[in-house]
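So that we are looking at the same thing, I have put the structure below in structure tokens.
Chain nomenclature is as follows: A, B, C and D, assigned in order of appearance, with residue numbering initiated at 1 for each chain independently.
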Amino acid sequence: MAEMKTAAYICSGCELGDKLDVAQLTKIAQKEGKMALVREHAFLCNEEGVQMIRDDIEKEAVTHICIAACSRRAKTEAFNFPTVAMSRANLREGVIWVIAEGEQHDEVRQEMANDYVRMGCAEIKKMILPQGNPNHAHNKRLLVVGGGMSGMTSALEAAEAGYDIVIVEKEAQLGGWAAKLWKRVPFKQPFAEPQDTGLTELAAKVSAHPRITVHLSSTVAETSGAPGRFSVQVKGAAGITTEEVGGIVQATGFTTYDLNKLPELGGGKANVVDQAGLEALARSANGATIKRADGKEVKSVVFVQCAGQRDETGTHLAYCSGHCCATSVKQAMYFKDANPQVDTVVMFTDLRLPGMGEDFYRSAQQKGVIFTKGKASAVEASGDGCEVKFRDLILDEDTSLNADLVVLATGQVPNAGVNLEAWNPIVTAAEGGSDEAKQQKIEMQKTSVLNLNYRQGPDMPQLKQGFADSHFICFPYETRRTGIYAAGPVRRPMDMLQATEDATGAALKAIQAVENASIGRAAHPRSGDLSFPTARLEGCTQCKRCTVECPFGAIDEDERRFPVFNESRCRRCGTCMGACPVRVISFENYSVDTVGMQIKAVDMPDEFSERPRILILACENDAYPALDMAGLQHHLYSAFVRAIPVRCLGSVNTIWITDALNSGYDGVMLMGCKHGDNYQCHFVKGSELANYRMSKIDDTLKQLGLEKERVITHEVAITDNARVAKLINEYVEKINEIGMSPMKGFN
Amino acid sequence: MNASIATNQTILVVGGGISGMTAALEAAECGKQVILAERDTSLGGRTALLYRYFPKMCHPTCGLEINLRRLKANRNLRVMTQTEVVSVTGQRGDYNVTLKISPRYVNQNCTGCGECAKVVEAEIANPYEYGLSKTKAAYLPHAMAYPQRYVLDASIVGTADGEKAKAACKYSAIELDMQIETVELKVGAVVWATGWKPYDAAKIQPYGYDRFDNVITSLEFERLADPHGPTGGKLLRPSDGKEAKNIAFIQCAGSRDENHLRHCSRICCMASLKQTQYVREAYGEEGKSTVYYIDIRSIDRLEDFYQKVQQDPTVKFVKSKVASIKLHEASGDLVLHGVNTEGYHRYAEQHDLVVLAVGMEPESNGIALPADIVTDSSGFIEGSKDGGQFSAGAASSPLDVNRSVQSATAASLRAIQVVHKTSASEGAR
Amino acid sequence: MTVQNQQAVARYRNDFLREVEERVEDGEWVKMCMQCGVCAGSCPLGNAWQHTPQKLFMMIRAGKREEVLTSDAMWMCTSCYNCIVRCPRKLPITHIMHGLANYAHRLNIAPKGQPTREVAKLFWNNLAKTGRVNELKFSLAMYFKDGFVQGIKNAMAMQSVGLGLVKAKRLNPMELFGGHKCKDTGSFNKMIAKAREIEDRKKGFTS
Amino acid sequence: MAKKQYAYYPGCSSQKGASASNFSTSLDVMCDKLGVQLNEIPDWNCCGASIGYAEGGELPRLAIGARNLALAEQNLPGQDMVSGCPACWLASRETADRLNAHGNLMSETNEALKEVGLNFKGSVKPRHMVEVMVEDIGFEAMKQAVVKPLQGLKIAGYVGCQTNRPFGIAGESFENPQYLDKMIEAVGAEAVAKFDQKVTCCGGALAFSEPEKAQKQIRSIIESAYDHGAEMIVTPCQLCQANVEVYQSEINKKQGTKFAMPVVYYSELMSVAYGGNAKQSGLDGHIIQPKKLQDIAK
């Protein structure tokens, strides 16, 4: 690529010119920043200012620019120069909007601005304009694992958008759970009657679709590769076939909760079925009055909701499967539609028919289905049928009902494959040579769905209660295996309508993944990012931290235990960079150096100056915006801090902290997202890892003979605008108490 | 914005809330051309006005930031604010759309420096606080507003204030003579992500929202709890600014009611459960929340949040649709009358603040939709008969954020299918 | 157990809900209740209700025939219509309460001497006779409903009221002799008898 | 100008010498000034009221209701049926609505009506006098007709139940209707805005059978009127008027209160404001004398 030519542009608009000595900033950019070209402008973000920069890029062959003006989050449309590397020195939100007015502050304000210009110049010189992942992977076919309602929907919707699909279904025919149903809950108004599942038509469409290949009675024996270049071994009756695909949708559905685990509710006894069992009876009745297994016509039926669900004792399922209320209402209608004289009672504690389900509920009442708010305690054989003992919560009494048939509304258990939490320790033990562990590993492997050959295990990480979900509210499809998306009840409990929506959404994400992969571009949340990690293997000590800690399982190991990066699996969070003890991992535009040089660029007053210097490493997703908005809302804070945005706290390499302390910083603040159960880290594990690493920093501090308060970590939410300012000011107080760092002036 | 960029390969997304942004971004990140039209002055919609999300108790603006960054980084996506759809004609794959753009009176020169707001004197009811507070008539909608540009309220155009604002702007960003613009576009598919609006609580007469200051809606309560809200995050009740510590949450305020909304709005139970935790956050064991409900609908994994709240000693659950609310004149408190139907326990409970968990009504009930659009009995949009227009998120059904995003992502693919079918290119391989 | 009651029991065995749907005015609405309890809380005489309307509906579904029909709950209805206008399922609750009371009365298993039951009976008979209510006769009849002695007591107790009304020309002693009435009371009575006959046939009281 | 014609259904209580006789008296001046002509339905019968159900049953009640409707339909064709008594109005309107909604009920009822030689076609629209006032006359006209503004009178507008629920006046709320206050203001008096028992039930027909319970209701209504500085209560309902006025002495006797709160009809206010004297306005028909109103009247 072309010779690097640097330029800095210093804006004096938005009162920057009034509050700062712009000439001084210019001098610093020239003398210390060593910028080949430095220009001032009174209104840099207007057409003329932008044009000036464009001209320099074209006519002056400028390749690296530092914009010293407002925050990197502001004026992004104006400062948009895709062909050059760019850094932003945040003089507005970061300096003049947060530093108190008045002459007594002029000097420190100026110092702060000077440093940000130094930092911007230092950073840009270490940046390389990302060129995108060189080994693009171009395969745009999609694999859909599971041929049920969700799987077929995913396949068809993607195929209709012009993508080729491979379906792998373990059964001998398509249909999954839906194929077992007599009818389904209505999707559209009037939401009054059970509907035909439409499965036959769907299966026919899928089988006939020119873009869809179906493997029946098949499973996935192995999956290797990455988005855009997955290689999948499909094991079928005819043996193994290899399918090359670019993206994967896992729609492996659910299994009904084992009825036999509910003996107290008559599970396993005669005349007690689950909803699946009732569907079977309804199918064989084929619209006529429903008969029991023993052939007796059912005159009375009781549906017991939440059977083995919403359990707080830890024995059964803790969650609610969402669909069961509507399903029981539908099944009660089976009886009423065939014979209005059949007594049908739905026994519930909270009836859950959200949205238009209310119409479905009304319709059932209209048909004479009786709804009883009660908690069943026991189902026992009685006479020719069953007796349901329950607490009537409205009439406030213990009572019972007799019925020819009892239907237990049991829950959905996801078919999510191997639970990696359990898997990893066993693998470690097996690698340690434990034969028992080796055996366990083999057994566990058998339950795998995807059989990924990833370093981090054969299936998708599970979030909670065995579901392969993401914990994001705003981004439900953020799985931790890039290019692989869970759809339907394997992701979280859901009804058929939601499953088809979910399947369609998952199909889109898979399509997006292959489109991104084909141009070497990052997937969410850094979508559009063309940078990617590289490692100087000659420096690598095969410590495996990167391969173990990557939240997305993007890094494998070769036979020599060297890391093997799969760029299109990578989400560019930099956790590997933060993990690497020998600092051999870097991105073109984000590296140990781009940050390290900024840290070093700061002008360090001596220890008698009474002007401490505090480094802030702030997560760009939440903490940095919060600092920005603190500026916007003029929450003032100390001029002694120097803030650097990082992609994720997980990318923070401890060398930055030791370097900072060595070069005389008096304190280091790390600001990242909440971790733990309700983590808010957009890279799932980043902030958690950072927190763990920082718990180790104390030793380093001891070696340096420094107080442990000199490095602190805060969880900062994006709304903490006022709080960040408070945290900073409190910390400056603290530092003043413990005094200036003794390390100043040693280098 | 110049309309020529739009072709029958373009997807129009109507509404810039979480659903619309998602639908637009997902399509754009698949390489499709998208226009995102938002009626308001900035993106974010209803969720931008929420304090926290259930069940993680995280902040909506966190996701908004990511979406805004995705949006800033994407060249396929054009955002138009203060833009409404006037008409959609033509058919699947080949629509002609007429858009009306209302004047912002501030152009792209705006740097967000805020000098105009400093000089303007007139104040207006803050549209981002449900009128709970006032704001200058020259304002930045909120800290996360995108576009990050000030807005001049039409009420000061042609007044001294307007002129002052114009004079104060060093960047000639203020154009007092801006006019309503009409733009004609060609698009291949349309995604309606027009979202929802809170049901008019005043219509629920027994609860006296229009008569009692201390009866507020769940959305207003979000603003009270938000540190950036009108009370700086303190739960101060409207009548006398007293800290509300004993708060009633009334479920199904408008929902599941044939006199109002016949559907269940799905989110209200979880929203109230979440809000009981605001009370705890504010007062610890001192606070007291009472939830009056018919059925608690904490569906699927959300159940564990319900279980957590049930274990909270500061939260009480009463299975009852509150019959009526009477004012306790001396204290300004409210007395809730009703019967707990689990057993038959008549109550007359005094609370210092009542929060109505108001139902979701389709925002589109207020606007004229193309004739071809099919809606359900509550007005939620199913889509167009010709299969070229789709609904996403709360425009399609009462959905929570997670499911809205799911729905928007699905709608995005359906829209892509339309433009794919009408494109010359044979699509991907 | 009265004859009509025995017949009813025989006819509907243990399906009380069906009995109510077929024989009680607006009874077919009972199944539509979703147990929110707004009716229970809306009743002005609420705390006088042994069972609230919503609870009565649940009891009907649970087949508690005896408990429901012999209860004096529904006799507490003042016909204020609060429950009707607030019911989210638009059940005509007031009418259902009236219907239940009427049915229990009809089967003659409603509580003996239940005041409202007695008053209602007197009122109807009073109007059915002449086509118009004779307030004086009605009031006197009421005072004497519990026998002569009690009647005198009641009358004395209410004397002030009575005299007040007389003074205010709002209670006319002359009403005792004749008073307002419809012209052809004979056919008026026939009309009512006819209506009753049709209803009995319809609801299966007479076959 | 031609007067507006209505088929008038007085109801038992409004007959001469009956509990609401002064109401009908007060109508004359009011209607005359507002250009309303009430044509009494010949040979009308009792509506069955809200208490008729127990003995009456469904069809007999519909039959007596239908008889009035049929009489109006036949004798005063094209005229809306107007009643001053909420019970009469409610019974008539429920009858009309149900018969029009259910063909079988209509035919069964007409079968019974044969006995009195009548047949109901379903064309009559039963309305409440207040509906006529608000919808056909309007507040402006009510103001116009005032010759003696009721200056300085503080009045609690007590709407009660059946004028208000389940039908009520179009556009008004069940919980906080405004029209009665507006009527009070139309005649120059002051409506007690904070009166919070506006739509509380007075016990209705249960005043006879459950006196304690009913009197508890009545007490709360009167107390609120006093608490909010009302000098009298005005109501559109015959039963409310009777219950709330008549039982005050009882309550005083039993509970040691000193209630003497006049309770009048809106029509009495109008009549006085429109120049009617005390007698014409039915002011002599009270147990608790509405002094202030009488002073203005004479």
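Definition applied: contacts are C-beta pairs under 8 Å (C-beta built on N, C-alpha and C of every residue); 3 or more make two chains touch, one makes a residue touch a chain.
In this text, all values refer to a predicted model and were calculated from it rather than measured experimentally.
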item: Graph separation of chain A and chain C (steps between touching chains); value: 1
item: Pieces of the assembly without chain A, by contact; value: one piece
item: Chain nearest the overall C-alpha centroid of the shown protein atoms; value: B
item: Result of counting contacting C-beta pairs for B-D and A-B, higher pair; value: A-B
item: Distance between chain centroids, defined by C-alpha means - chain A, chain B (Å); value: 24
item: Length of the line joining the C-alpha centres of chain B and chain D, rounded to whole Å; value: 46
item: Whole-Å gap between the CA centroids of chain B and chain C; value: 51
item: Whole-Å gap separating chain A and chain D, where each centre is the average of the chain's CA atoms; value: 67
item: Shared interface positions of chain A, touching two or more other chains; value: 373, 394
item: Multi-partner residues of chain D (each touching 2 or more other chains); value: 174
item: Residue numbers of chain C (touch at least two other chains); value: 34-35, 54-55, 82, 85-86, 89
item: Which pairs of chains touch, using the document's own definition; value: A-B, A-C, B-C, B-D, C-D
item: Parts of chain A lying in touch with chain C, wherever the complex brings them together; value: 361-362, 365-366, 368, 370-373, 392, 394-395, 399
item: Residues of chain B defined as touching chain D within the complex; value: 205-206, 208, 211, 324, 326-327, 329
item: Residue ranges of chain C touching chain D (in the complex, touch as defined); value: 25, 44-45, 48, 76, 78-82, 84-86, 94, 98-99, 101-102, 105-106, 115-121, 123-125, 127-128, 131-133, 135, 142, 158, 160-161, 164-165, 167-172, 174-175, 180, 182-184, 187-188, 190-196, 198-199, 202
item: For the chain C and chain A complex, residues of the former touching the latter; value: 17, 31-32, 34-35, 54-55, 58-59, 61-62, 64, 89
item: Residues of chain C touching chain B in the complex; value: 34-42, 46-47, 51-52, 54-55, 82, 85-86, 88-90
